[in-house]
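You will see chain A twice below: alongside chain B first, and alongside chain C after that.
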Partner chain A sequence: MFVRTDDKITATQAAVFLNNTLLGAGILTLPRSVSESVKTPDSWISVLLGGAIVMLVVFIMVKISQQFPGKTVFQYAAQITGRVFGGGLCVLLVLYFIIIAGFEIRTLAEVTLFFLLEGTPIWAVILPFLWLSTYLVYGGINSIARVFTIVFPISIMILLISFILSVRLFDINHLRPVLGNGFPPVFAGLKSTVLVFTGVEVTMTLVAFMEKPKLAVKAMLGGLAIPLGLYFLTVVMVIGGISVDSAITSTWPTIDLMRSFEVPGFFFERMEFPFMVIWLMQMFCNFSSFFFQSTLGISQIFKIKIHPIIYAMVPVLFLSAMLPKSMTDLFAFGDAIGKMGIVLFLLLPVLLSVIWLIRVKGLKQHV
Partner chain B sequence: MLASIVSYIPGWAIFVQAGVALLVPLVLGYLYKSLYLLVGSGRGQAGYGTRTVPRSQAQSAAGAKSGTPASIPFSGNYTTDLLAVQKAIGANSDLHIREFTIANGGGRGALIYVDGMQNDRILNMRIMQFLMYEIPAGPVSSAEIANQLLPFSQLNEADSVESFNKSVLFGHTALLIEGLPGGLLIELPGGANRTIGEPVSEALLRGPRLGFSEVLSENTSMLRRQGFSDQLEMKTYRAGNTIQRDIVLAYMKDIVNPELLEEVTNRIRKIDIDFLAESGYIEQLIEDNYLSPFQQVQNTERPDRVISALLEGRIAILLDGTPFALIVPVTFSMLLQSPEDYYERWLPGTLLRLLRFAAAFLALMAPSLYISFISFHPGLIPTELAITIIKTRQGVPFPSLIEVLILEIAIEILREAGIRLPKPIGPAMGIVGGLIIGDAAVQAGIVSPFLVIVIAVTAISSFSIPMYSAGITLRLLRFAGMLFAAVLGMYGTILFFLLICCHLTKLKSFGVPYLTPVSPFRLSDWKDLFLRAPMALMKRRPVMMKTKQDKRKS
Partner chain C sequence: MYSRRFLLILCCLMLLATQTSCWSSKEIEDLALYAGLALDTGELTPTEQALEEQGATYPKRNKITVTIQMVPANSVGGIESSDTSSGSPYLNVTGTGDSVLEIFRQYSIRRERPIIGHHLKVIVVSSELLKQQKMNQLMDFVLRDNDIRPSTMVFLSQGRARETLVSKEKNEIPAFHIRDMIRNQKRTSKLMDPVILSKMDALMYSKRSYALQNLVTANGEVEFSGAGIIKGDTGHWVGMLNQEDTECLSWLTNEGKTGVIKTYDWNNQPMTYEMKAMKSKITAVTDGGNLAFDVKITTEGRLSETWNAEEYPSATKHAQKAEKLFKEKLEQMMQALIQKLQSDYKADVAGFSDRLSIQKPALWRKSEDHWDDVFSRTPIHINVDLKITDFGSFTN
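So, the complex of A and B:
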């Protein structure tokens, strides 16, 4: 086949897709949110532990998705639990995606307004971004995955360079003592570290798009391991660089870290600028991913063509982004999303797996 | 509870903005679709009218057109045929019909040719002598017999008067002989053409100094002369409704992907236009997306470039009457490659290639970066640099966008004027325009000296791109980038970059994604992307072309 017409992505693309879906707002806020709940320098253990839990979750999601090759969760949920109940679950999932997308774009707008474009009306920031994303999503999963493959290496490279350069601020004493207060603070931090991986639900649709679904476990866990590693690095470098106390008080601790050192003899002097650039691109990927997932969901639940839904989704996403009235609202919003994520996890992969197991293994039904 | 929910319902202004958010993509999408359908319909789909035909079928197809009175076949009667020819094209004053009587046997004949297309001396002396005195006795009753009897290397039989006339006027020398059922075309046209020289638009320091010329047969022979091979296949098609021209498809039979070949053939067959003046016409008629600013077909004047493209599994399209050959498919990275990369050793080749990528980035982004840094975020560049720039900009009365536009447009006009100027004046114009105007503009306080540097670097960068047409694309997009930067600063510039990425990932050239091998990711093709790996490492043909056999080495 010289001209490809099927909408399939390779294992690498799927891994990059998952990575770019997860790596987003968390880079800037995770050090604060996790430190707030842990209050000791042990947040990095929380990140690792949270990552391990999410890995398990992803594993379950991949396994249940692999039972229905070529079908997304929006299609097989109805198969497992019946049209009405499954449809209801999926509508919840779509709502969840819409809310995350709104949250992402609002965070982006707030950061941009704060650091780059002071005094610009917020719609002027959100609208062009939204339109550009519409253009991308219109091209289907293949275009999205390709843009992700372009952005991915650039952002990884600059992220790593930024962190390597910030080593000069790194003080290992900021990370000590390890487990000074025992494990309870670590578990308290789990809440916010699991939240940072909100969006892993896309796994349940990604597997359906893979050329070789057998590689799904590897690809998805790989795609999860990269953001996990980067989040871990972020927390370690930020807390090691500016200490727990300032991480708690700062709104965007990672940017504060980037601002607090200078690289003499370099064109930019501070890594803040390249860091903002890749973060914006990463947010674009992030947002486009959720945009795509939510349109795909509606299209598959209600069996409508996807293109009109893309258009219809634009104002919905805009409204969802404009709902929070202030930064405090926004962060509360983020927490709510995390809680929703946990509920949805219990509802979707777990409930679906259990029902599927009962029906296939217990009742010997053909699903 | 309810009150708190109600308090979160946004005001009417937000809803208006949401409406705008919906309206803009709807309108843009509708515009795009209707513009695309207006021109692009049917492209790349099999079975949509075929206009262009292989040359062997050209005559019969021409004959099949009903209603044209000239499509009558030769009657076989000498007098009638000659009269028919005379009636159709005899009014041309440059047409000569030389009638003669054959000495042995006494049959009549006529030699028909056009002025200036043949060497008259040879025609008169040699051919006439033979035809009148040396031709063996006995009737020449068919083309096969004529083939054996007549001492011409090139001998074709025309089966209809119409195609016969066309060939005669195109420059073939033709022969009508009593008793022969058709007309014979005996000599190839040999009109005036220029000597073969070095390609002007793609000069190289190292490499063959050979460029295509305007004559198709010379161009194909140049390709053949690149080396011994029995796999280089060329197929001729004829296109054009009013004036027909020959198109040659060249490819390596054992390498090219048959599906790609079929796709290209299909698109060539669909060409429906009255005259192909240059290969640019073909390019625009067969490209995938005519709304894209990026070219989806590569053009070149260099036979060596064509042949190495063929070896990668690509297809060349040559048109009679132009030195520019087309190569399909093309990807973005190929536009930044030069044959010299391969002729030099791999380290310098790699360095030059990286330099070109950097130049392309600068040519596209430098002015927008300048605008966003100066107008929006002077805090993001080192303080001392920012102070220096702002100091030099103090007297400038315009915002940075206008400042950049003044110089950019001046440079573009200079460049456009430089192409048209006669050679002796060109450099003088460059000095007057570039140096004096630039200097005077700074002195007059219209622009800042730093900006002159930025614009100069941008202009030079865009010259360093080996494909002229790719350079135009970047020049065009640069202005769009400047607008984005002027409205939203750095944020706008990033959006612009992402927009280009989004567009490029959607773009395809004959089924090959435009950004391969970056995305979709093809690791083995990276050897020839930013780096030019040593020859010994490049063992395989590019994966993206999906060639029939992929090994370069045995």
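So, the complex of A and C:
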């Protein structure tokens, strides 16, 4: 068997890695969260606009990371701003990753318990995923990237099949009028569309692992374009299928779209079960990615070996997942994560870039 | 070395526990699937009365009577046991109380198998109940529940809703029968597009008025007849559309493109037009600040039946005359529908609001909150374009 020892990933792997980090529970709730703030059928414009903004953000992240080849944000932040301040920023980032990881696996568990395994205790759903993820993360970035490349086509395929079958409910009039209330609702929706891209911060560590860091811009923007396309498709199909009014009132609008039709005589009569089961893998990838990022962060900030940290993280992540007491808590948690993401974006790539520019271009220092 | 092996074995053992993966599994044979649900005004059944006389009751106000149609596992799986004593492939259970879920749970102290809603196909609500309760109140539970799928269809019934779930056919499950009848939309537009729960959800949230197909029963037979109108702002049942109105409604909303138009010709003999293509277009127009709707209906079809033996209408003779008569008839039918919607019920169930919101969003925003009022005052011009393209395979 081909075993890599250098812990590097190719550009394609990096793109898939980013994609699987972003595409998770967000797709199940996005149509509702956008519609709630937009209130007109224009949410798809918000998604595209939000995606464009995030593309810009990722571009900045890649550019700053490319100045420090082979180094992750956890290493170069200290170089730019000094050990204490940089370390502080990175600890924040690690905390952020831990919280998202907890959020992802908790959402996974909630969906599973509500639709699939009513009656199973929540820990019995979370723990196997947590153990499996531990095993995966133990293998390093290469094994993770390879698992992601296996999961990626399967989950995308089932999502697309589900959407194709839902065409029977699709009514273009649900998406009209376009811009009936002008642009203000579209901007109102930006808040929630930017939030579904939480996790793009991994860009700042991924670039360091790339075989050819020069391809980073292409790979990262490619990795971002796929979830953007799928989010766009999701919003269009869900709003077109069950209309804005129904999407607003539904807890899991995307699943409700799948539950709104039956396909007699098809391999599966009901698409929500295959979709949910496969989508669990996607959420697992999501979780593993953040698991990996947070352990990597701790290991690099405090210069400790990564393997003991992986084990130490298991209970922390479990607690993070069990923190929200109810669904209301969970969704509030999701919103908080989005806000943290924006603050972190301002703190990390922007601040780091500015300081780096001042030091290198202005003060002619060698960083 | 030993500690690592110990860890490995420990991990394996822990994983083993997850491998059975049947923590919350339920055998389908042990469950009672229900395919139909009927909601009625609270009225105790004789069995319930007898039970309650013996004190078998709990605190309740008897606001609603819920009937579910359970489908025994053996008839679903296709294993027909040759000598079933009951003979009926379904079983209706009725309970009375205040909350749908509470009544559902009451079934558990009367029947041995727990009920499960994954296969619910049809919900029938009696119009009588909708005069007392709001649609939102009745649909709340079914929309929240995690078993019941949003693909479930909702109908109204003229009489008791539970009677629509009874059939005199031996091997027929009424809930499936009702669902399958929808397929006949290919033949008649008196069947409207079924309203499924997710659409219902949107309609109730946007507070718009809507029409639901009506079911009428007699002698153990069910007929789809007309539609009931639910007012958006109150959520109550306000009135009925007859079969002809319902047909026109389907044509107006482009949901139905089939059907026949029958009229009487110059000799007072029936003649029938069969629709082959139909398209309706609603346009919102403003002249001098006043809103109006232009409705354009274009249809092509065949003259399929005539009883006139003397002056047979054909491509060469009387074709124009026949066309004109059918056109008048269709216009008349449409006018009757519009008249009912605007004056009698003051409810826009024909999607005029959708057209307005798409074509003139600014105007729609202004009248959104009191749309049904605005609608009832808005002039609607109907323009019918009817064309007989052929006269069948029989010519004189």
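Rule of thumb we're sticking to: the second predicted complex is superposed on the first by the 364 of 367 C-alpha atoms of A that agree within 3 Å, B and C clash if a C-alpha of one lies under 4 Å from a C-alpha of the other, contacts with A are read in each partner's own complex, and residues count from 1 in each chain.
Going forward, a contact is a pair of C-beta atoms (placed from the backbone, for glycine too) under 8 Å apart; a residue touches a chain by one contact, two chains touch by 3 or more.
Because the structure is predicted, anything quoted here is derived from the model rather than measured.
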{"item": "Room on chain A for both chain B and chain C (clash or fit)", "value": "clash"}
{"item": "Which of chain B and chain C A:173 touches, first, second, both or neither", "value": "second"}
{"item": "Contacts of A:256 with chain B and chain C, given as first, second, both or neither", "value": "second"}
{"item": "First (chain B), second (chain C), both or neither touched by A:181", "value": "second"}
{"item": "Partner chain(s) touched by A:143 [first = chain B, second = chain C, both, neither]", "value": "first"}
{"item": "Residue contacts on chain A - larger count, chain B or chain C", "value": "B"}
{"item": "Touched partner set for A:302, first chain B, second chain C, both or neither", "value": "neither"}
{"item": "First (chain B), second (chain C), both or neither touched by A:117", "value": "both"}
{"item": "Which of chain B and chain C A:128 touches, first, second, both or neither", "value": "both"}
{"item": "Shared contact residues on chain A - chain B and chain C", "value": "117, 120, 124, 127-128, 131, 270"}
{"item": "Contact footprint of chain A on chain C as seen in their complex", "value": "11, 14-15, 18, 23-24, 143, 146, 149-151, 196-199, 201-203, 205-206, 354, 357-359, 361, 364-365"}
{"item": "Residues of chain B touching chain A in the complex", "value": "8, 10, 14-15, 17-22, 24-26, 28-29, 257, 259-260, 263, 376-377, 380-383, 488-492, 494-495, 497-499, 501-503, 505-506, 510-511, 513, 515, 518-521, 546"}
{"item": "Interface residues, chain A side, partner chain B - complex", "value": "1-4, 10, 12-13, 112, 116-117, 120, 123-125, 127-132, 134-136, 138-139, 142-143, 146-147, 149-151, 267-270, 272-273, 276-277, 280-281, 284, 311-312, 314-315, 318-319, 322-323, 325"}
{"item": "Complex contact set, residues of chain A against chain C", "value": "114-115, 117-120, 124, 127-128, 131, 173, 176-177, 180-181, 242-246, 248-250, 256-257, 259-262, 270"}
